[in-house]
Amino acid sequence: MSVVEANKTAQVGVPDSWEPKVIAFCCHWCTYTGADLAGLNRMNYPANVRVLRIPCSGRMNPQYVIEALNKGCDGVLVCGCHPGDCHYVTGNYYARRRMMIFKRLLEYEGLEPERFQVRWISGAEAGKFRDTVMSVVEQVRALGPLNLTREIPQFELPAVPDGQEAFNAVPEEVMPEEVSA
Amino acid sequence: MMKYAYFPGCSAETTGKSFTISTSYVADKIGVELVEIPDWNCCGTSAAALTSPELAVALPARSLAISERELPGLDVVAPCAGCYRSLKASLAYARESQENRDQIKRIINAPYEAKADVLTLLEVFESDDVREAITAKVQRKLRCLKVACYYGCAMVRPADVCECDNVEDPQQMDELMRLIGAEPVSWAFKTECCGAAQQMTVPVQAKPMIERIFQNAAANGADCIVTSCPLCMLNLDMREAEINAARVARGEEPFDIPCYYFTELIGLAMGAEPDEVGIGIHFHPAKTLLLQRELDALELEYAENEARAAEERKKAEMAAKIAAKKAEKAAKAAAAKSTDVAAEAEEVAR
Amino acid sequence: MTAQDTIRARARELLENGEVTTFIGWESGRFENQTTPLVITDASDADKLVCNEYCVNTLAKYARDVVTRGKVGMVVRGCDSRGIVRLINDQVINREDVYLIGVGCAGVRDRKTGELLKKCAECRHGDPVICDEMAGDAAGRPQPSERFKEVHEVELMTQPERSRYFEGVYAKCIRCYACRDVCPCCTCRECFVDQRRENWVGKQNNVAENRFYSLTRVMHIADRCIECGECERACPMGLPLMKLNRKVIKDLNDLFGEFESSMTLDEEPGKLITYDLVDCEEFM
Amino acid sequence: MSRIGVFICYCGSNIAGTVDVEAVAEMARTLPDVVHVETNKYTCSDPGQEGVRNAIISHEIDRVVVAACSPRMHEPTWRKLLADTPVNPYMLEVANIREQCSWVHKDREVATAKAMDLVKMAVAKVARLQPLHSTEIPVHKKALVIGGGIAGMQTALDIADAGFKVTIVERETSLGGKMVMLDKTFPTMDCSACICTPKMSEVGNHPNITVKSYSEVENVSGYIGNFEVTIREKAKYIDYNLCTGCGACETKCPQKVVNDFEQGMSERTAIYKMFPQAVPAKPVIDAAHCRKLAQGKCGVCAKVCPTGAINYEDEDKLTTETYGAVVFATGYKLIDWKPLYPEYGGGAYPDVITGLQFERLVNASGPTEGHILRPSDNSEPKDVVIIKCVGSRDPNKGKAYCSRACCMYSAKHAHQYLDKVPDGRCYVFYMDVRTPGKGYDEFYMNTLHDGAQYIRGRVSKIYQEGGKLICKGEDTLTSQQVTVEADMVVLETAMVPADGIDELAAKFTVGRDADSWLVEAHAKLRPVETNTAGIYLAGTCQGPKDIPDSVCQAGAAASKVIGLLNKDVLQSNPQISHVNEAICQGDGACVGICPYGAIQIVQKTFRENSRKVTRPVAQVNPGLCQGCGACTVTCRAGAMDLLGYTNESIMREVDALCQW
């Protein structure tokens, strides 16, 4: 998860051809239907979004978001029926709680809020689907690619906490405290 | 010995003097110690709330904070219903969140954790220990006295602040009255507003509020009204004459319904003279009724004793009659037997 | 009679009359003031048991491994007992599988510095929440005032600062999974990191995948974490894992109402497997 | 090794206009496991489908990707096509390159690239799918209706008329429910009994309907088409085969009991029929009050019974039967206003009565034979106050909702009172008057013309003084305090669900809202279905309603049931949750989250590490699971998975997509 400044410097190296990749997890009954309706109405939205159909937003495992970010998506959108309209009655209520917590956790660890968004879009809200996709793509485009730091930087061995030292300390004379520190 | 921090309120030495007198009389008797909170201040009542909500919370909190510091571990008793409501509302606010407590601390510039509860005098009297103590100390039961227990509005509302589970028909005072032999009537104005706060500003609206309380008490056969709120007491007791004058002018019967603090009646039942518990300083004459009812009680007792004696006499007569009948029967049987024996003997002899 | 004496005596009795087949406690380690968990099956070993302020390991999770051999007796403090409640509520063990001897705990100490361990300084429940008997008195220690101080500090950082901070954290992670192994909430029969078919999370030791492993671990224990702090204590690289666990607990508290997991055997279902119609809405 | 066939559709120019279909096909050929790629002008056309079928045979394809229009459009078509081929219908993935690609993007290059990605995703997913088989669920052609009120009776009649067997379970001793207690019905003022009792006897005599009166549902298991229901028929102490319903026992029974049917305003005997027109028209013995049963002495009824039908040894009977469908018609009761409204006396004043008590008072067969007499002294009240919304629209004390029928029946009560007591005065305190319905507002207007005084405001206090009930309130239109000295007060109290609804609904896993009304599957589009397939709702169990609406809903529920029972078998949806028992821990996180109650924790024995271990694992009821997948996310170990949308397939889909 790169930081904004890092992005700005990185942006120099970003080729002009770079396009953000956004994956949208859409529930079958509402948002996927809304996306289809956008097609029927020949609405236009950026092609940077790929829709992955799931039966219900309650099926949305946070792990899929992690996988997408890890494998190179620049943004993730999760969409479901409006609370109260879930085809399976309660799925999106659970999704709402889970995604609220998960989103906060990702942001706590430094992910830009724009990269992971959740929206309720009904089967009739083709316009909302288009607008949401456009705004998410634009926001992610503004942030630049998600350059995850992968390499482990060289760093000094941390002070080994207790216990660990006891483990290393056989025999104790060989492992004086200065070494482990 | 039960011990409480005592928040007297401004009426204690003035308009509610007889409440204070009777309370201390009864508390002494039953072993409840009331320790006055040092340097307590005005509870703020409705005036503070009108000025600023913070003031309404902070004023009572100051006294509670002093009590927490000086009288740790003691719950606070506020006999005046107005004080009780203010203190309780402030306490409820403080207990809502740490933020609220911090705000209060900032304003009063003193530590305050809202530990102690705020109680009415009635709540103190609710405990089983106090009830037992009262029962033990009662010397004369106030029989024949029909009382309308009047709780007033401030002790029960707002219901969530006052934690009152029966806003329309509270029972604590009624039970205390039963304990001392009086007969609480069932009536509909137990917690109705007496209009005290409006008497000066909108008397046209407020006077009927008093009148209908008396009206309903009378309609339900009460001799008197018993209250636990100094403001209600003042309002009802002082203005009864005024109400009566208006009624007479309208050609209606005036009321003769004295008002008492519940502590006064408990004190009386414990053997106090009316003046000892402050009954002598009421506006509406309050002693005659008590004398009358005492006489009624004596009469009733006499009648009951008579009835009991008559009953016993009847029983004894009955028993005697039965015994006589039994004896007669036995005698007859014996006689019959003896004739039989005689006959047999005769037979044998023959 | 000290709590330690009581524990030894009771462990002996329980093993002798067959009420339990194993007993879990601590024994003295090789070094001064060091202890290690001890599992005994023989009453004659009862005198090896110690109970002092250097018993740093939380024992709950050991119960899972030995419970198949029969009823387990064990010593529980606040953290151990909540761990046991967790195991029971997650159907890992049954209440009747364990006999719990409670001890009040005022916190355990670092064997060298003598200082209270971080996890104990933050502990909210020194005394057992369940036990069958108490050895000695409850400690009744005061509540630490600021449960979420650490979390709050991180929250106050800017987004780039937080990102850099956690990159530093995960750069250190060596993916040893000690945090998982020691956690009383991590009781899956097969952990997600070991599932090859789904391949839930990348297995390279790099900053990003370390981070995603950690995020998953946190989400998995989210509404069940007992805040024992064992993950942080066990981490050989000293990663501030409670900053993550408590972040989720704090958010759950703020959003869906105060709670503390694993305090009773009949606790309410977790916050993430329940919902409220009036939950706040931010995804419109 | 899987053999994937990819079929890419031009859809005329719909797709090909923006997407270079041949380029996509070229790319698809390079994907792993793809053995055949074919493009077609219209894949969904007959020749197109024939092409797919032939390709499957000739290339031995075992999984199929169709890149065409939305799966919402033609997924069923492809499934049906595959059913005729060796390929399992669920080894199919549709890449939506029309609605979500060619139609929404204009740039040919971009759209083609996206179409390629969508095909890649589909190929990645289809490679991980497993064959699924739907099973056939037999349908037991018999329906159970719970509740014998007007809604239940109507449902039963409609189903029975369509030729199916129906059982009605009624917990009271007679059919009729609340409607039969009413005097007249608004707005037509026809006599309730006159239109309700014929229905009762029709139900009682219908050859397809079995009435189980004085009975309750004890236990339920199973699922749509196959609900196994155990019914407890409470001991009636009377042999209904012998009893002729002559009523001799009732006239001779010495024990008097408060009559609930008359709302406590009269007495009945311990052996009783609820009311004269009861169906079944035979009495039962109220065991709690019968002298013979409670104290062992009496036995008068057995002596007078000419047929010897009395049996004091009778016991509850349990019967279990299988039903294809269940209809809830459990109705409502009136809220217990007494603890909620101490300001109305909390029940201390006998002349403060409920609307239902008023119904009995004006009813010619009621305790006063239709004379409006107040309960305390049997005098005719000259001033009557009617208070609406007692417990309704009052979130602080009662319920937040509107009880819907009270505006009309309070207007009816005012009308009936003014009709029967011409010199009386009637005051109606209201918050709003809501009269949407055919002829409803006209009816309300007539009541106003009758002379009813409508006062907009609530009554704050009622107390008794001098034999009068003094009602104090506010007229909010004039902002004046109002005091009415009334002889009788009628409280139009809120409707709440019938007693025991929570337990009963839990047995059937039917959802309830916060007020315990049963929840329909969709408020607008599936108003009589529940979320549990095969269970339907009729009448007020779903929410407050008046009679026309209840009957209407009853008919709707019946038509759903008839539709279901007309099928011999149902095809189960195989895309449902599946438990990997090897790693399931049985902690039950999935159980509570399932909206259908399809998951249970069961104890199972396994051989693990050469030992027998009995441990809890989750079990999915395939008849109940609808395949939402909510449970899968709660399962940290991933033991719960959703067939057709497995964790593995979604993860690989994500991976495939990220390669772009």
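Letters A, B, C and D mark the chains as written, and numbering starts fresh at 1 in each.
In this section, a contact is a pair of C-beta atoms (placed from the backbone, for glycine too) under 8 Å apart; a residue touches a chain by one contact, two chains touch by 3 or more.
Just so we're clear, the structure is a prediction, and the values are computed from it rather than from any experiment.
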Task: Reaching chain C from chain B through chains that touch each other, fewest steps - done: 2
Open item on the list: If you apply the touch rule, which chains end up adjacent to both chain A and chain D?
Closed with: C
Task: Reference chain B; chain at largest CA-centroid distance - done: A
- [ ] Could you tell me which chain's Cα centre is nearest to the average position of every protein Cα atom shown?
- [x] D
- [ ] Could you let me know which interface, B-D or A-C, is made of more C-beta pairs in contact?
- [x] A-C
- [ ] Provide the C-alpha centroid distance between chain A and chain C, rounded to the nearest whole angstrom.
- [x] 29
Open item on the list: Between chain B and chain D, what distance separates the C-alpha centroids? Give it in angstrom.
Closed with: 53
Task: Gap in Å, rounded to a whole number, between the CA centres of chain B and chain A - done: 68
Open item on the list: For chain C versus chain D, what separation do you get between their C-alpha means, in angstrom?
Closed with: 45
Task: Junction residues of chain B - those touching two or more other chains - done: none
Open item on the list: If a residue has to touch 2 or more other chains to count, which residues of chain A qualify?
Closed with: 62-63, 67, 90, 94, 98
- [ ] Among the residues of chain D, pick out those that touch two or more other chains and give their numbers.
- [x] 593, 647, 651
- [ ] Chain pairs that touch, all of them, please.
- [x] A-C, A-D, B-D, C-D
Task: chain B-touching residues of chain D, taken from the complex the two chains share - done: 342-343, 345-346, 348, 461, 463-466
Open item on the list: For a test of understanding, state which residues of chain C touch chain D in their complex under the given definition.
Closed with: 68, 89-92, 187-192, 195, 197-200, 220, 269-270, 272-274, 277
Task: chain A - residues contacting chain C, complex - done: 1-6, 62-63, 66-67, 69-70, 82-84, 90, 93-94, 96-102, 104-112, 118-120, 148-153, 155, 158-164, 166, 169, 172
Task: Complex contacts: residues of chain D adjacent to chain C - done: 514, 582-589, 592-593, 601, 613, 616, 634, 636-639, 647-648, 651
- [ ] Note which residues of chain D are touching chain A in the complex, please.
- [x] 70-73, 96, 98-101, 103-107, 110-111, 113-114, 117-118, 121, 511, 519, 521, 531, 575, 593, 595, 626-630, 632-633, 642, 645, 647, 650-651, 653-655, 657-660
